[in-house]
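Both of the next two complexes hold subunit A, though its partner changes from subunit B to subunit C.
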Partner chain A sequence: MGNKKKAVIVGLVVLLVLFALLPYYASGYNVSFVALVLMLIILCQGWNMFSGFTGYVSFGHHVYFGIGCYASAILLTRYGVSPYLSMLAAVALATALALIVSLATLRLKGVYFALTTLAVAIAVHVLSLNIAITGGGKGISLPPEYHLLGFFYVMLALALVAIGSALLIKNSRIGLALSAIKGDEDLAAAIGISSYKYKVLTLVLSAALWAVAGNFYAWYVTFMHPTDAFQLHRLVTAMVGVIMGGTGSVGGVVIGATVFGIVNEVLWARFSTIYLMFLGIALVLIIRFAPTGLIKTGESLIQKVRAKGGKGVGEHPGSK
Partner chain B sequence: MLENILEVNKITKRFRGLVALKNLDFSMRQGEIHGLIGPNGAGKSTLINCICGFYRYDSGAILFKGRNIAKGAPYKICGMGITRTFQIPRYFAHETVLRNVMAGTLFGRSSLSGRDAKRNAVELLELTGLSVKEGALTKELTIGDLKSLSIAMALATKPELLLLDEPIAGLNPTETTAAMELIKRIRNEWNITILMVEHVMKAIMDTCDRITVINFGEKICEGLPKEVGSNPGVIKAYLGEEYVF
Partner chain C sequence: MLDWSIIAPIIISGLLLGGIYAVIAQGLNLMWGVLRVINFAHGEFMMLGCYTTFWLITLYKMPFLVTSLVAFLGVGVLGFSIYMVVIKPILGWEELEFNSLLIFFGFGLIMMTIARILWSPTYRIVPVDFGSIEPGGISLSLNYLIPFVISLVVTVLLYLFLRRTYLGKSVRAVVQNKDSATIMGINPYFVYGLTFIIGCGVAAIGGSLISLIYSIFPDMGHGFILMAFCIVCLGGLGSFWGVFIAGLVVGLIESFVGAFAGPQWEPIVVAVLLLIVLPIRSFFAAR
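Moving on, here comes the complex of A and B:
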């Protein structure tokens, strides 16, 4: 077992070095593509951290991304603030909005919660179209500089932060509290868990991840417009990545986001007009045949195959 | 004389037109096992929900160790030392038995950390006879095991007052005996005061020190098991007129 663990760690380190050195051997297109997949991993981990862990499905997370976009777009164009500083403003704004949203919504359940979060996102989107500071429908042009390397390394670092914090949360007592809230919120309260506290905590963390990603995204694409900043499609993409990987599973979400990011790009490159249709079909198939996500479904398939081999590996540890 | 650990003073709880609890007075002495009985819909579970903060009552006051706990959210009430179980056992279905109990040891009044929480949870599983199922998922348990798990989870929070909503109903005779023994042990060894809502009369009569009977949200009698069992009003309201002890 010790050797297996060592092998995994060595593998991860090699992978990390390969990633870190990517700009030295890969084309600009590939670096940019990997950076965007890393961003998808960040968004997926962020959404999973709240919605996957607590079971409260947020349909409004794209609002935090948009706020992050405008934090850097406005601060950079008006005051020359670097995105490395404006990300603090992005986090502060996202935290403030998340706190307001949680006051208004976290006592709601199920579809009411989902719809209210969506309403907030739509409201902020419409607001951004109609106020001067965002440039309204005209958008904001950022300094036209190519920040591929900066964007890539920031996304790599942020992805590590997102995965690391998700693992920390999941394996701590907070992880058990969140699991309890997801399982049965009344029972959780009856045994002393303040569900509100832990929901707010993870909502703020996940909102901050989305905001920081948006902050650097605007800087990278050098033009920001409400339709891009508050794009619902971005949230749906993240949700699909999470569902593909397995809701609530940190490792699964990394793989789900990666697979989905790659499939998305390949389909888009070959069928740029109808690729969303293929994605829709893929999603339907996954929900129908692998509702627990690719990883768990794969695991149970392997278990079934092994059990047929008569090794009895499929036996549950609790049945002894 | 033992002091009252819990005092419910003139509680009224309405659900729209229905008055579920009507000016109900109810008290529990430190260290007793108190039975709460009454026909279906009498207000027993409503009372538990009011005490634990799940329902807001319309008037009256609830005092725990002399302190008013009216505005407490359920998790705060648990933190004060009152923990309840549910009539239909509730549990975290996608977690193991051990982690279900650990949720209690980590977050209840004891709020143990890491290793202590686990050790305490393992002890509680031993006490409730669930040790062998420690690693099993809760959805694999029988109803008897689930009731034991509920009690283990409640004890994990280190309560001073334990409210058991039908801990016996649905158990087979062997399990019933074991559950009754367990309830007595919880009181005798840890001095936890227990309120027990139950329909199984033999269990109530054998386990409880005192019994309160309510009907239509009002108290109709209170006393020793013997007194209550022979009270004509109780027999009429609850057990049926033809019921013979």
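Moving on, here comes the complex of A and C:
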């Protein structure tokens, strides 16, 4: 076992070095491609951290991304604040909004919670279209500078932070509390777990991740418009990535986000007119046939096939 | 300043729109109440209803009522096929509400893209103008009034169907207790299929009616989903007349906000209403 662990660590370090050196051997398009996939990993981990761990499905996380976008867009164009500083403003704004949202919604259950978070996102979207500071429907043009390298390294670092913090939470007391809440919230409350506190904590963390990603995304694409900033499809893409990987697992979500991120970017680049249809078809197929994620579904399929073939008779389905 | 001649048209157009909103929400209410399935493609079914009316009138000059009926049947059959293929196999799942929401969201994206490809994303206007009348000095467009009257007829028909016919009673029996209803000889899957036909078909009728008022485009469904939810939550899930009244209320509020704050603020109404209604409701439900 020790050797296996060592091999995994060595493999991860090699992978990280390969990633860090990517701009030295890959073309600009490929670097931006990888950066966008990394952004999807961040968003997926962020969404999973709240919705995957607690079972409270948020349908409004794109609002935090949009807020992050506008934090950097407004601060950079009006006051010349660099995105590395406006990141703090993005986090502060997202935290504030997450706290307000949690006050209003965290006592709601299931679909009612999901729809209320969507309502928040739509309200902020409409607001951003109609107030002066966001430039309204005209959008904001940021300084047209090429920040590919900066964006790539920030996304890489942020992805590591997202995965690391997700692992930390999952393997700590908080993670235990969260899975108790997911299993049976009333029971969790009865044995003394302050479910509200933990839910707010993870909501704020995941909102902050989305906001920081948005903050740098606006800086990278150099143009911000409410329809792009508060795009519901960005959330749905992240949700599909999470569900594909297996809701609630950290490693699975990295794989799911990577696979779906690559497919997504290729499809978007090649077939932009019917891209949304692919997203829809992916959503329908995954929920219908693999709601627990491709990895788990694959595992149980293999087990079924083995059981039919008469192999592995002595194995208990749960043993590994 | 607040003259009756200014207020009256706002109230009237709000109520007339609200009646149509109520019909759209009634379809969602039925499916959600009977199957615990959330039809997040409700707006897209409505959009298909709009286009059915548009094309049948533009190409074949059919009477408006006939196009509404065709929309009901066509979209109802589409909804039924979606039910048979994807919803029926997952009916026993845990978290059915949320999974069905995501599945329908996917179908909504598919329908929207197909509409974009087939009919291009341009805004279109149904070429029908019924003119207007002026009772008591207030100008009243028949393009608002006729859809409202039809929506009232549809509401009453739906109510009579659920209350008076054997099929409608079996729908309510399945809602109250599926097992007992099955023992009494009612096939619950037949009822579910029927619910899907009526629910989606009613959304299409709503679309067909609203196409006389709004211009139509493939992405229009998005805006109506949250509205239908808002109305169902406001009126109470499963409450027939509650949803009807909530539809009128939402129409009124939207009309006032549009008139006094500007039409660009209208989309925020349902979002804010949901944000007020749901927390309050859950607060009282917890007592």
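Going forward, the second predicted complex is superposed on the first by the 295 of 320 C-alpha atoms of A that agree within 3 Å, B and C clash if a C-alpha of one lies under 4 Å from a C-alpha of the other, contacts with A are read in each partner's own complex, and residues count from 1 in each chain.
Just so it is clear, contacts are C-beta pairs under 8 Å (C-beta built on N, C-alpha and C of every residue); 3 or more make two chains touch, one makes a residue touch a chain.
Just so we're clear, the structure is a prediction, and the values are computed from it rather than from any experiment.
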| item | value |
| --- | --- |
| Superposition on subunit A - do subunit B and subunit C clash or fit | fit |
| Partner chain(s) touched by A:A177 [first = subunit B, second = subunit C, both, neither] | first |
| Partner chain in contact with A:A92 - subunit B first, subunit C second, else both or neither | neither |
| For subunit A as apex, the angle formed with subunit B and subunit C - C-alpha centres, to the nearest 10 degrees | 80 |
| Partner chain(s) touched by A:V161 [first = subunit B, second = subunit C, both, neither] | neither |
| Partner chain in contact with A:D186 - subunit B first, subunit C second, else both or neither | first |
| More subunit A residues in contact - subunit B or subunit C | C |
| First, second, both or neither for A:A104, with subunit B first and subunit C second | second |
| Minimum Cα separation, subunit C to subunit B, after superposition on A (Å) | 7 |
| Interfacial residue positions of subunit C with respect to subunit A in the complex | 38, 86, 89-90, 93, 95, 97-99, 101-103, 105-110, 112-114, 116-117, 222, 226, 229-230, 233, 264-265, 267-268, 270-272, 274-275, 278-279, 282-283, 286 |
| Residues of subunit B defined as touching subunit A within the complex | 52, 54, 73-76, 78-79, 83-84, 86, 90-97, 99, 102-104, 106-109, 111, 113-114, 117, 133-137, 140, 153-154, 156-157 |
| Subunit A residues within the subunit C interface of the complex | 57, 104-105, 107-112, 114-116, 118-120, 122-123, 126-127, 129-130, 232, 236, 239, 243, 273-274, 276-277, 279-284, 287-288, 291 |
| Footprint of subunit B on subunit A - complex, ascending | 173, 176-177, 179-180, 182-184, 186-195, 316-319 |
